[in-house]
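Structure first, then comments.
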Amino acid sequence: MYKTLKEEAWEANMETLRLNLGIHTWCNVSAFDPAKGVFAIKPSGVSYEKLSADTMVVVDMEGKVVEGNLNPSSDTETHRVLYREFADIRGITHTHTPYATAWAQARKPVPVYGTTHADNVANTIPITLIMNAEEVKNNYEIETGNQIVNTFRKQKKDHNSITMVLVSGHGPFAWGKTAMQSVAQAAILEEICKIALFTITINPDALPLPDYLIRKHWERKNGPNASYGQ
Amino acid sequence: MYKTLKEEAWEANMETLRLNLGIHTWCNVSAFDPAKGVFAIKPSGVSYEKLSADTMVVVDMEGKVVEGNLNPSSDTETHRVLYREFADIRGITHTHTPYATAWAQARKPVPVYGTTHADNVANTIPITLIMNAEEVKNNYEIETGNQIVNTFRKQKKDHNSITMVLVSGHGPFAWGKTAMQSVAQAAILEEICKIALFTITINPDALPLPDYLIRKHWERKNGPNASYGQ
Amino acid sequence: MYKTLKEEAWEANMETLRLNLGIHTWCNVSAFDPAKGVFAIKPSGVSYEKLSADTMVVVDMEGKVVEGNLNPSSDTETHRVLYREFADIRGITHTHTPYATAWAQARKPVPVYGTTHADNVANTIPITLIMNAEEVKNNYEIETGNQIVNTFRKQKKDHNSITMVLVSGHGPFAWGKTAMQSVAQAAILEEICKIALFTITINPDALPLPDYLIRKHWERKNGPNASYGQ
Amino acid sequence: MYKTLKEEAWEANMETLRLNLGIHTWCNVSAFDPAKGVFAIKPSGVSYEKLSADTMVVVDMEGKVVEGNLNPSSDTETHRVLYREFADIRGITHTHTPYATAWAQARKPVPVYGTTHADNVANTIPITLIMNAEEVKNNYEIETGNQIVNTFRKQKKDHNSITMVLVSGHGPFAWGKTAMQSVAQAAILEEICKIALFTITINPDALPLPDYLIRKHWERKNGPNASYGQ
């Protein structure tokens, strides 16, 4: 019934393997169909060689499994909150890639040190606050989603131009207009975080790009007069 | 006679090659059969292309070779002590992976900086004391095993929930319910150590996760109500 | 009409993939034919599996597309300035490789710490100034080219012996006598930058090589009495 | 005439490619036949796909090419000095691997931080002095060899137990009982240097192993009562 959506989710999950975004089963990707009000997500803890489109789990917006015999990813509820609150996204990728996870563990947002970052995100990569004991006691995975959303709202950030976030002490989430695009964004985030770590190793006092350069690169690739791409 | 056990040991040793856990012949993995009171281990210094299930060496709990024509791994006695003292484990992996070995050489335990660590181990990765001259003069490989066991006992740590350790100045050992699982744990330890090094490079004052977050992630994946996996 | 030139450009672009010089479509390489006054360059944002010699875009020295249906790389105007001002080069490669980009983001020139560097460039790798707001408002890609050229002129550097540069806050450009050679230079720059970062990590007070050693290595490989190669 | 020797040299050079010990043509390996008083070495600057046993260059102990149509490696004279002075070695590998080269550029010997190092070398990895202007003016490649030899003699080091060295500001040389073994040693040196850099990043005050542990590991693998290997 959700054949296309499950294929999209499966292909995007396999892409994380090709792009080397994690060991074991540490990535999860989902694909959202807003018309049907469901998303397809990787089953929890299943190795890549056993994955197929058929093993994907379809979950509705109340969090109920509507197709599939396996348990969905343990981060399913976080994906659900993001699809509900960032209503125009269609795919989400969560990884534990080493450089992005290290910035999350260091509890530091990633400044825009260069055009590689500005080509893709015109702002500091935001980071959530570390969750308090009360929030963890409630539904933890929902709270993770809430923290991401609240971070964007409090900082008045736009999830369409900032398509990635660090969850403090945990790791990165990225999203996009398709599941496959969210994987590409996760790979970009890892690269930005890697180069940023190298940058501050060379120069601990490295400065962010001036705003006019950030805007220029962002608009070149993403603005209404973007010249990048076809 | 020990065909299945030797196959299990051989396959797990080959997995260290696939997961890129060491150059040359720097890894050794063993598989334990408690019913027969023996374990199968990689022969010492034999290249992977010459390894087969038949070349595995079977050793009993007195340290006697009971099957196989080759010398067992030089770390065999350490494996033997661990199987004797941590009686419910079934596989052990020793590597010299660069990040885990660096923490061992730095003689520092690895704090729980994030959920990647807490998903797998709910504690600081323990490290032994550096061995003194007297201990080295005795049977060194047995002493290495004793040091690991004593570290767990003195710190009242549970080897079933902390399935890995750093031997000070030496490198990592990891174990599991199967030989293959011990290899997976060794890969996880390397990833934890890599991300921890990056974390303190970004923020030398990085804090460990609060306890409630450590417990939450650990229990999600390992507790009696674990939601992770199938 | 420009078949050979487009094939040269395409093959050099594919070489960046083989040498692992960037994720997604973050590299661009061009090949110049001074007799015809045109260069062929990668189309903007097209994935490598869709690239072929036919998809390359041919641009003349006024910046007009003279063959090809796709948009050329967003950095085309920078390539054009370099071909105009460094008239004897025949290929240019731009990447966002992590170590070279980190030095660019740290806004630091790369000292000649060793013979690996001196074998290839007998000088500090130069870096442009960070562009000011006025320059960005004008044609940004042309200004990037101008900044590179001005950096070489002000510092009285020779673009034939220093075949690479860092654009401040952005990343590296490299060039050569062929498009393929410019890719090789980009790979060399990344290796030099990687080793330099490791060098200052080990010894923050590392000294550059003495001049007589720099000259010796440079001349061994590049001088009139070069002994290197066939 | 020197067919076997050239095959040995060629296979060992190809092994540097398989072990990923350098980009482009930055490695050179030679194989020595003391009975015939010649060694076979890689030709200078020839890409790996064009190498074959036939392209190896055979050089005698006066430095004269006795077989082969190509120029030998630019480091040939350094190899010659080492074969003359360290008369029992049979193979030499020179690389520019990033971690070993970084220690050479940082002009720091590599302390024995752990057993990975002690298993292979029971001493600090020695480093030459930076060459002075006078020495460079003479035959530079011979002086490089002389500096290595003098470093060992002054420090009373044994080239049979310390099979590797860093040339200050330049990079590593390693040797062995065969050409292939010298490549293995070069890979070991890179791994030791990588782990040492990580070690001091984690703990800038990291201590070397105590002597009794260094000796234990060295003798386990290399002493008269070595238990390692078959």
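Order of writing sets the chain letters: A, B, C and D. Residues in each chain are counted from 1.
Methods note: a residue touches a chain if its C-beta (ideal position, glycine included) is under 8 Å from a C-beta of that chain, and two chains touch if they have at least 3 such contacts.
Everything quoted here is computed from the prediction, not taken from an experiment.
Common neighbours of chain A and chain D under the contact rule above are B, C. Taking the mean Cα position of each chain as its centre, B sits at the greatest distance from chain C.
Counting the residue numbers used at the interface between chain A and chain C, under half appear in both copies, so the two copies meet with largely different residues. Chain A and chain B have Cα centroids separated by 32 Å.
As a whole-number value, the distance joining the C-alpha centres of chain B and chain C reads 46 Å.
In chain C, 200-201 are the positions where the chain touches two or more neighbouring chains simultaneously. All chain pairs that count as touching, in label order, are A-B, A-C, B-D, C-D. Listing the residues of chain B that touch chain A in their complex gives 19, 113-116, 184, 187-188, 191, 194-196, 198-203, 206-207, 209-210, 212-213, 216, 220-221, 227-230. Those residues of chain A that touch chain B in the shared complex are 23-24, 26, 43-46, 70-71, 74, 96, 98-99, 101-108, 130-131, 133, 136-137, 140, 169-171, 197, 200-201.
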